[in-house]
Structures are given as C-alpha cells and as structure tokens.
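Mind having a look at this structure? Questions to follow.
So that you can tell them apart, the chains are marked A, B and C in the order they are listed, and the count of residues begins at 1 in each.
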Amino acid sequence: MRPFLRRVALGAAAPAMALVFAVVASSIVLLVAGSNPFRAYGDMLNHASKLETMIDILNRATPLFISGIAAAIGFRMNLFNIGVEGQYLLAALVAAEVGSVIHLPAPIHLTVIFLVAMTVGAGYGGIAGVLKVSRGISEVISTIMLNAVVVSGLLVAGLKLWQAPAPGGGNVTRLGTAEIPKSGRIPNLNKIVEIFTRDIGRDRKLTGVLVVAIMVGVGFHVLLNRSRFGFDLRASGANPFAARAGGVSPKRMVLMAMALSGAVAGLVGMTEVMQGGVFPSNPIQGLGFAGIAVALLGRNSAIGAAVAALMFAFLDISSGILQSTGSASREIIQIMQGLIILAAVVAYQVTQRVRDREEARAASAALSGATA
Amino acid sequence: MARAIELVGITKRFPGVVANDRVDLAVEEGEIHAICGENGAGKSTLMKILYGMQSPDDGVMKVFGNEVHFAKPTDAINMGIGMVHQHFMLAENLTVLESVILGAEPTLRGGRIDFDKAKAHVREVGQAYGLDVNPDELIETLEVGERQRVEIIKVLYRGAKILILDEPTAVLVPQEVEALFRNIRELKASGSTILFIDHKLDEVLAIADTITVLRQGRSVATVKPADVTAHDLAELMVGSELPTPNTTESTVTDVVVMQIKDLTVDEGDRSVVSEVNLTVHRGEVVGVAGVEGNGQAELVDAIIGTRQLASGSIEMLGIDITHSSVRHRRENGIGYIPQDRQREGLLLSAPLWENAALGHQTQKPFSNGFWMDREGMRDATEQIRTAFDVRTPTIDVAAHALSGGNQQKLIVGREMSANPTMLIASHPTRGIDVGAQAAVWDQLRAARAAGLATLLISADLDELIGLADTIVVMLRGRLVATLDPATVTPRDLGAYMTGATQQAGAA
Amino acid sequence: MIAVNSLKNMPVWARWALYAFIGVVVLNVVQGFDDTTLLTAEGTTRSMLRWGVPILLAGLGGLFAERAGVVNIGLEGMMVLGTWFGAWGALTYGAWWGLLIGALGGAMGGLLHAVATVQFGVDHVISGVAINILGPGITRFLSSEIFAVKYKDSGGSITQSPRVPTVGRMTFPFLAGGDLGGWKTPDILGWFSKKDWFVISDITAILRGLVSDMSWVTVIALALVPFSAWLLWRTRFGLRMRISGERPEAGEAQGINIYFYKYVGVIVSGALAGLGGAFIASQELSGVYKEGSTGGRGFIGLAALIFGNWRPMGIFGGAMLFGYPFALKLQDLNGKASHSLLLVTAIALFAVMLWALLRRNTNDTVLAAVFGGAALAWYLLVETPPTWWAAILPYVIVLIVLIFFTKRLRPPAADGQIYRKGEA
C-alpha cells in the first residue's frame, strides 16, 4: 500500500505546489500594488462561505467543468481541441433557437434541446477531425480558425437571422433568440438544496445543468477507464503506432474523439441558455479556453477537472468581493489563474520526471537483484 | 610513437548497471582499431565517453599522451577526435554544406557565414580523401552511403585525427561497404587513426589492424586479426560456448495457415514489395533474410494490415483477409512481435498490465465485450510475468522503466499467451542480452512444436538458420531465393542477400 | 503544358511577380461588375498594410520560435502584453520608447514560454494556452492599477488607455513623393495611378498604398522581412537556430548549445509579437490601448506563418492576404466590394481546381470545384453579402489553403518536439 500512497502524494504534490506558488506570486503582486494580501484572501474565503456565494460558484463551475471534460477527451489522445470555444457557442445558439421554435412535452422538449446542442457540437468538432484524418491538417490550427469563423461570422449571422422581436412589438429588436417555453427549460435545484440548508436568498438559483455535468463527468470517467473504447483512446494517445499495430484504427479514433469532444463541448453553453431561456446577444465567451485550463489543471481526469473547475469558479466569484470590499483589485484573480495553470503544468512535468526516474531505478534494482 | 588513445580503468555506472567496468584500451597512431562486442557489452557507452558525451566515473583517458577530461563533445573535437554516429546526425532540410560546417562555420564580419570559403574547404577535404559529394545538395536527396560520406567529411572538416565510426556498416549494402572500406584505408594512408565499432566479424577481420573485444562492460582481449579466427572472436565476445538456436526435428504439417499471392506494396510511384508469393504451414517457421531496407518491413506491415496493398492477396486458413482491418486480423489469430518494440510494441508511459492487453483488448481475458476486465488484465499480466520471466518490481510500473530485454520478453509473452495461429516475428531478439535471447528462442521453438505457423524476419543469420524450416531471401522488394537451412551457410545466405549469387527459377 | 514548364523555369521572384500581376488584373476586371474601385484603391492597400503589419510581426515572431523548434500558440498573449506595455511605455517615456517597451513586454511572455517549454519540457501548445490566459490577466490588472488610476481624468479606464503618442509617418521619396532633406520629391507612382490606364494605374495605385503615408513601425516591420531571411539563412546564428528546429541532436553533437538558440528564438518571437501589439496600441483605433484590440491577430499570425511555409516572404504574403479583407471591410460602406470579393474567391478556387486537374488529382479537383461553385452561386444570388463575410474571409482562406496545400508545406522537422539535452 505504501507505493500507492506515495503515488497519491506525488500526484497531489504538483497542484499543491502550483497553488502555493501562485498564491505567493500573487501576494507579491498585491504587496507591490499596495494591497494587503491577507485581507484580500480573508475576504475571499469569508465570502465563499455564504450559501448564495456557493450557489454562484457551482453555477460558474458547471460550464467550466463540462468544458474541461470536452478538452480532456481530446487531450487524452494527444488531440488539442482548441475549438471548444467555437463549438459551444455555435451549439448553444442553434439549440436555443430550435428549443424556442418547437413545442413538445417537457422531458422530450428538454432532451431534444440537449441532443441538438450535442449534435451541433459534435458536427463542428468533427470538421476538425475530418480535416485531420483526410488532409493531415493539425487540429490546433484548424480549430483556431473554426473558432474565429463562429465568433466573427456564424454567431453574427445566426443572431441576425433568429433575433426575437422586442416585447410589446415595435421595430426595436433585442438581439438574442426567442425564449424557450417552460417545457424546454431544466428546473433549478433550489428545492433540493433547501432540504439540507436554509432557504436560498438573493434570487440565486442553482442550475439544473449541474446534474448533466455530473452525468458527463461520471460517463467520461467510466468510459475512459473501464471501456474498450477508452482503452483504445488512451492507447492512441500514448503511442499511436503501437495502438495501430494493436488493432486501433487511428483515423477512426481521431474522428470519434473529436466528435465526442465536440458533443460534450456542445453542452457548455447550456447553463447560460437554461438560465435565461435564450441565447443572448452577448453570450459568455472564453469558457472554451478556460476549459482547457481546467483540463490541464485536473490532469485530464474527471475528479481533477471537478476540483479545478470549483477552484476557478471560486476565484472568479471571489473577484467580485475584492472589488466591493476594496481590499484588492479584482483583476489579480485573472493573474492568479494564469499563474496557477503555468505553475501546474511545470510542476506536473517535474513530478512526472521524478516518478519516471524512481520507477526506472526500482525496475533495474529488481533486475540486478534477481540476477545476482 | 605516442599512442593516439590510451584508456586505463575506465568505469561508468548507470543505475543498476555497470556499463563499463575498468576498461583498458590502447590505440596506436595511424592504425585501424576495431572494437567488438555483443549488444550491451558497453561499446556505445565507451564511445560516448571518448567523444565527451558522457563522463566516466573512474579511470584515466589520454589522447596523444596527454591526460584529458571531456565535459562535452566540443572538448573531444578540439583534441582532434571526431565521431560518425550509427544514426546519422543530419537534418533532411539542410544542404550538405550547411550540415558539414555546422558548429564550425567560417564567418565574416557580423556573423555572416563565408559560404565561398566553406565550399572551397569542403571540396578540398572531399578531394583529399576521395569522398565525393555535391555541397549544394539537400541531405534528403542523398542515399545512405552518401550521407555517411557527409558524416565523415564533417569529421575531417574539423581536422579530426582520430575518427570513431560507430557500426558504420549496419546500414550499408555490400557495395557501399566496399566503398567505405576503401575510404577508410585511404584515411589511414593519410595518417588518420580509426576506431571502428562493429560486430560483424568477417568485416572486422578484413579491415582492422588490431581488435579489442568487450564483454559485459570489460575489455577481455586485444588481438591481431592474423592470430585469430572468426570463431575465436565470437567465443571471446560471448565468453563461453556459443548458444545456437538449433531446432531439433521438423514439425511442419501440410495445413496451409497463410498464403500470400503476388503481394505488391507501393510507396509513391515505386514498388517496395513486388509480387511476393509465400506460404506458411502449421508448425513451420519461414525465415525471411535480407539486408535491411529491402522491403521486409513493408511486407510485415502489409500482413499486419497497417499498410495497403497495391495488388495481390493474403489468405489465412483459406479466408481472404486482404482487406481486413488490423483488429480483425489480430482477432483471427495473427500475433505480432514488431521490429521496434518501443515504437510499435509498447505504450511506454502505461503500466505493464495495460501493455499486456494491447493488441488483444477485444478478447478475453482482457475484456468482456464493451468493457475492459481489470482483474483479467492483471491476472494475465502476472501470468506472463512468471511464465516469461519478466523482471519487474510490480506490474504497475510503466513500460519504459523496464530494460530492453524485459520489454521484449513482455511483448513475446503477450503474443504467445494469446495462442496465435500465425506469428509475425520481426527481429524478435534484436538488442537484447544473451539470456533473454535464449529464452525467446525457446518460446518460439515450443510454440512451433505446438503447431504455430511463424514468419520470422531477422538480420541475425544464425538465428534464421537455427530456427527456420525454410528460408526465403528478399532483395529489392522481391523474393529472390528459397533455401533449406539444413544445407545453407551464413556465407551463402549473405551472397544471396547481396545479389552476388542468384537462384535460377526463383522469383 | 509548355506554359507550365516555362513557369517552372522562371526565377522565383519573376513567377511571383507574374502571379501578382494576374491577381491585379483579376481584381481590376471583377470590381467592374460591381461598379466599385475599392478592390484596387490606394486607400485599400494602405489600410491592408496597416492591418497586416501586426499579423506580419506576429508571423515573423512565430517564425523565430518555430525555426528553433518551439511551437508558439502563445503569440496572441504576447501580443496582448505588447499592446499594454507599448501604450504604457509611450505614455510614460514617449513614442519610440513605447515600441521598445512593448517589445520587451512581449519578450517577457516569450521568456515565460521558453522557461516552460525549453527548461521544463512542458508541451508547447499547453504552455502557449496558459500564456494566452495569463497575458490578458496581467494587462487587465495593470490597467486597473495604472490606467484607471493615474490616467483617470484623461480617458484611462480598466479597459482603455488615454491617447498615446505615436511615432511619425513617412512617405517614400520619388516613388510616392515623400520629402528628402526638406525637398518634396516628385510623386511617380501617384502620377501613373491618376492616369486611369488599364491595369497599370491599378498596379501603381496598389504600390503607392504600400509606400506612402506609413508609420515608421511599418517601415521597420517591412525591413524585418528580408532581414529575417538574411539572419536565418546567411549567418552562423541562423544556421544554428535552424538546426535546433530541424534536428537538435545533430547540433548538440557538434557542441552547439541548443537551449540557448531555443531560448533566443522564443524570446525574439515574443518581442516581435509584442512590437506588433505596440503597433496596434499606437497606430489603430486613433491611438489608444483598448482591451481586446488584438482581435486574434496573434493567431492569424500563426496562420500566416503556416500559409507562408515558414519563410519570411511567404509570411509577408500571408499577412497582406489576411489584412486585405479586413481593410476592405473597413472601407466598404455599401458592401459592393465585399460582393466582388466573393467572385474573386470563386475565381481563386477555380484556379486551384485547374491546378489540381493538371496534377490529375481528382479529389482536389472536385473539392475545389464544389467550393468554387458555392462561392459563385452565392455571388450570383446575393446582391450584397452580409457584413460578416469579409470578417471570416481570412480564416476561410487559411482553411482552404490548408485543405489543398498541407502536403506541400514544410515545417521544421523537430517543430513542437520536446528536446532534452543528452538523450541523443
């Protein structure tokens, strides 16, 4: 059991080191800027202990986590799906529009909306997969381009085409899709939370998409670690040539991984769509890139991504309190996030090397011990 | 006369291994000195020490009588030592000129390369030693022999007086070997000292003035070629009676397992495998001999299914599998020991118990349909570990932690445990120590007795002759001869492989 | 076939000059259908240059990193650092210092990338993504501490700086009538372009846009194109940098310190991206730093690098090609020029189709025909294309180029690979 504990300790050491480094570095920045870092961190923690803040954090962590899983699917086979950003925006737009147009009984309506989102995401992600498989184009560059096509093209076009009329008529439109009827909206989870706690105040609503996120996380974990598909996927990531000789079709895996990654990416925007019932004219952007960060920090595992998403969400939400108490500039949070990622990837690399070296030593010790 | 190189008591330890153990070496100026030894005898480590790529833990190194301590290759270069690596250190996208002057560029003001001067100098060196190449050509357009010449020019350009050639003939065809030997003699005539690493004994005896033999990290003997036979040398290298992979009695049946008809593989607009016909029976080992690069690798790829056929067909037990996927073929009983175990055989970063399932992940005991069976994987891996003597602390370590021999035993174990009907074994004992080699041979022999059909591709002619029931020779993508291992000698085989002898009627 | 052969025998510069000439003729003819002159207007090329210069600088930045073997997805983040530090430097120390400080800001990002990738062996794409997240975080924090405090009264805020001083502009003497020692030289290209001669006036107008009324930064950026080529292919430094990207072990075996060249390559990469950022801050949007003003041009720079096949002149071509639709969108108020651009796209795709046909590549021929047909149909069916058409055109061009030409591209052989000393 000791080697196992040691491995866990080594695994946890890296993110802990990264966090410490980021906190120390941010503290220095704060000190230089003339703020008291301890007061700032105190305010953040104090704020986060409130029930309403926790709801905010969970609402924020939900899309971050889903986005992180989308990125992790690609990463696990050395595919860099930088395109989660474009995939989720496009998917949310189309799903919101479809949801507002159709009228079905509640569970079916809701399911259709989510399926549309996943299909659009899978399709758009699949383009990069097809380009890689058929033309050998690096998915990094093609997804960057496809992101730009969505953000500066398709989104503009879609919002123009599907903009809802302003309430009360008139010429003014309020850019954004029409509202999805009640049957297509996922109920919030306040009731469930309130069983265990006091009533949630301040009009906060815990998103029902959280349930979807948990399903995605569990599904990802089980599929990856226990299924043959997961084995093939990880084998392709570890060594595509060996995987190929072992019967894994590399082209098929690239297509499936990109499509699956895109399908999950399609769910990222649903938190926002379900919350407001529309795809707004100015949707939250950047969740795709944040998801890459979450995946990196969480080492492409479901549990890791959950922790990372919660931490990023905590930092995001805390930035508000810094501003209102005036203990520090809220922008320090973004620096902290960037530093955590950079420090974490470096720390992972370092611990990986340490572990490799130890294993090699143990194996050669076993060898010489056996021969002597 | 001063000695060019003198090593006394050189020792180099790596975790768990002593690569060089008090090695002594004395190289006279102006001689061709060969260093022989098996894979893993410590030749490469010694050369890396001589070239400043690694520092010895102990011992004294003298070059032209002066004691030296090299910290980096530049130090060795400055002392007049140059090295031609076995794997050429050339970039495809550079010109010959750029490749030669790299690291020793003549420059004008402002760091500008003096291309005219460089070119003149390169021509000069080329002419002086009869090494002819066009300085403006891109490396990617050159043949292997030409690339080696570029490497030698590179070393001479730096004014090297001592040249280390690391297994220079491994990648060459016989004509190129002859050209190389002419060059080496010319270099010697002009006063250079040559350190020549090789384990092909006939070559060593043909070219060397002095031979030093390494075994298990130690220098065991220094001899003159006139005083020894190839057999003596071989025994010095191995240290005891040579193990021979002799198969006892024939187990060949008349059940055809694999039938290959007119198999052709194209690369670009030329054929790398042309119209190969081959039949393998139950209980038969068919050996494929050939100088590397004559289409063996492509033939293997085509049989495994990772490369498309231009024409022809492959049948297994009467069923056409020409267009089957790799997975389908493997599920139907094709086992595969790849020639490059790290590239095609293992997931280096994954634990052993996952590696043991690779290639068989769709089958029991590794999976139940959609799901993997972790217990089954672990149990199967433990069995392989015991049965094939894979030395590892646990089956949870990553594959890259194992030594080459143990990695190979894991792969052989994995493929054998799956009870294949047909085994494709590509250089199954390459680069592993003698003990592991014998173990692999035993396994192959036992499986053959139990009815396995095997296609054995090897560069080790003794291995081929010892294990195979039939030997075919591949040259320029074609099967040019079919031979009986009972009557053929390595020398004959070599003649067929190089096209010196041709067999009537074989195609 | 004879035409193809004589094309092959032409010197490279002559071939490209010919292609450019054909391109201008096409533009000239096509814009006639839509009754616009914007496609070959002097103002369009001038604006193209202004939009293209940051892309060019980012692309050259990518060149140095990738020639040294390090993929730099972090160009965008480094460029963002450049915009902020450029603006701050210019406000604090003056216009020229702004450029230098902007470059230094980008170089800091480069240093970070180098430490992560070269020293610690972190995957290049991962490190780049991290820098892209870190860059805007740093600038936002700094804005909140400096622009929103110290420059509150002169228009500074958390997302914006006050107006920053800019370096001067210049016009080439003789070619475009610039001053030379106080003497106003004749404007030769201007004279031709006003003549309304078929094609000749178009070409001279295009050229005049490229040599007149430009920022000194633009002059520097343009000079960097031949300079980079000289540095990388003619000097010792360049050869050693290239071996680091092609086959580092081969360099190591000759005693070259590969880490040094990788570090320099990535830091220079950041500095050039930073200079591009400083250019954006001082030359665009009436000379203020504004959050998000890079608009993904770091990424497009990367695309220009690939489009240009990892060569300086190619990158220049790519940068201008991507700058062109941006410029046109800005000038094109009635959408006519954008409409013409659809036809140009269709024609270009049909040219690709012919090219594929000559090579007997059926797949590519059909694919190009389908794409070209779609563009043509769109052109014929729509009076004025939507505004976003010109916005996505650069990205579409990249995708098309990648689809048809990926196999002909030649990235450095060890690009993106993690190199560790002593593992040869």
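Worth pointing out:
Here is the rule we use: a residue touches a chain if its C-beta (ideal position, glycine included) is under 8 Å from a C-beta of that chain, and two chains touch if they have at least 3 such contacts.
Remember, it's a predicted structure, so these values are computed and weren't measured experimentally.
Contacts between chains leave no pair untouched here, as each chain touches all the others. Set against one another, B-C and A-C show the most C-beta pairs in contact at A-C. The chain with its CA mean position farthest from that of chain A is B.
In terms of their C-alpha centroids, the spacing between chain B and chain C amounts to 47 Å.
Remark: chain A and chain C have CA centroids separated by 31 Å (rounded to whole angstrom). Residue ranges on chain A touching chain B, taken from their complex, read 3, 226-232, 234-235, 238-239, 241-249, 356, 359-368, 370. Of all residues in chain C, only 234-237, 239-240, 242-243, 246-247, 249-256, 410, 412-413, 422, 424 touch chain B in the complex they form.
The residues of chain B lying in touch with chain A in their complex are 14-17, 304, 306, 325-327, 329-331, 336, 338, 343-350, 354, 357-362, 367, 369-372, 374, 391-394, 396-398, 400-403, 406. Listing the residues of chain A that touch chain C in their complex gives 29, 33, 80, 82, 131, 135-137, 140-142, 144-146, 148-149, 152-153, 156-157, 160, 289-290, 292-293, 296, 329-339, 341-342, 345-346, 349-350, 353.
Those residues of chain B lying in contact with chain C across their complex are 53-54, 72-74, 77, 83, 85, 89-94, 98-99, 101-105, 107, 110-113, 154.
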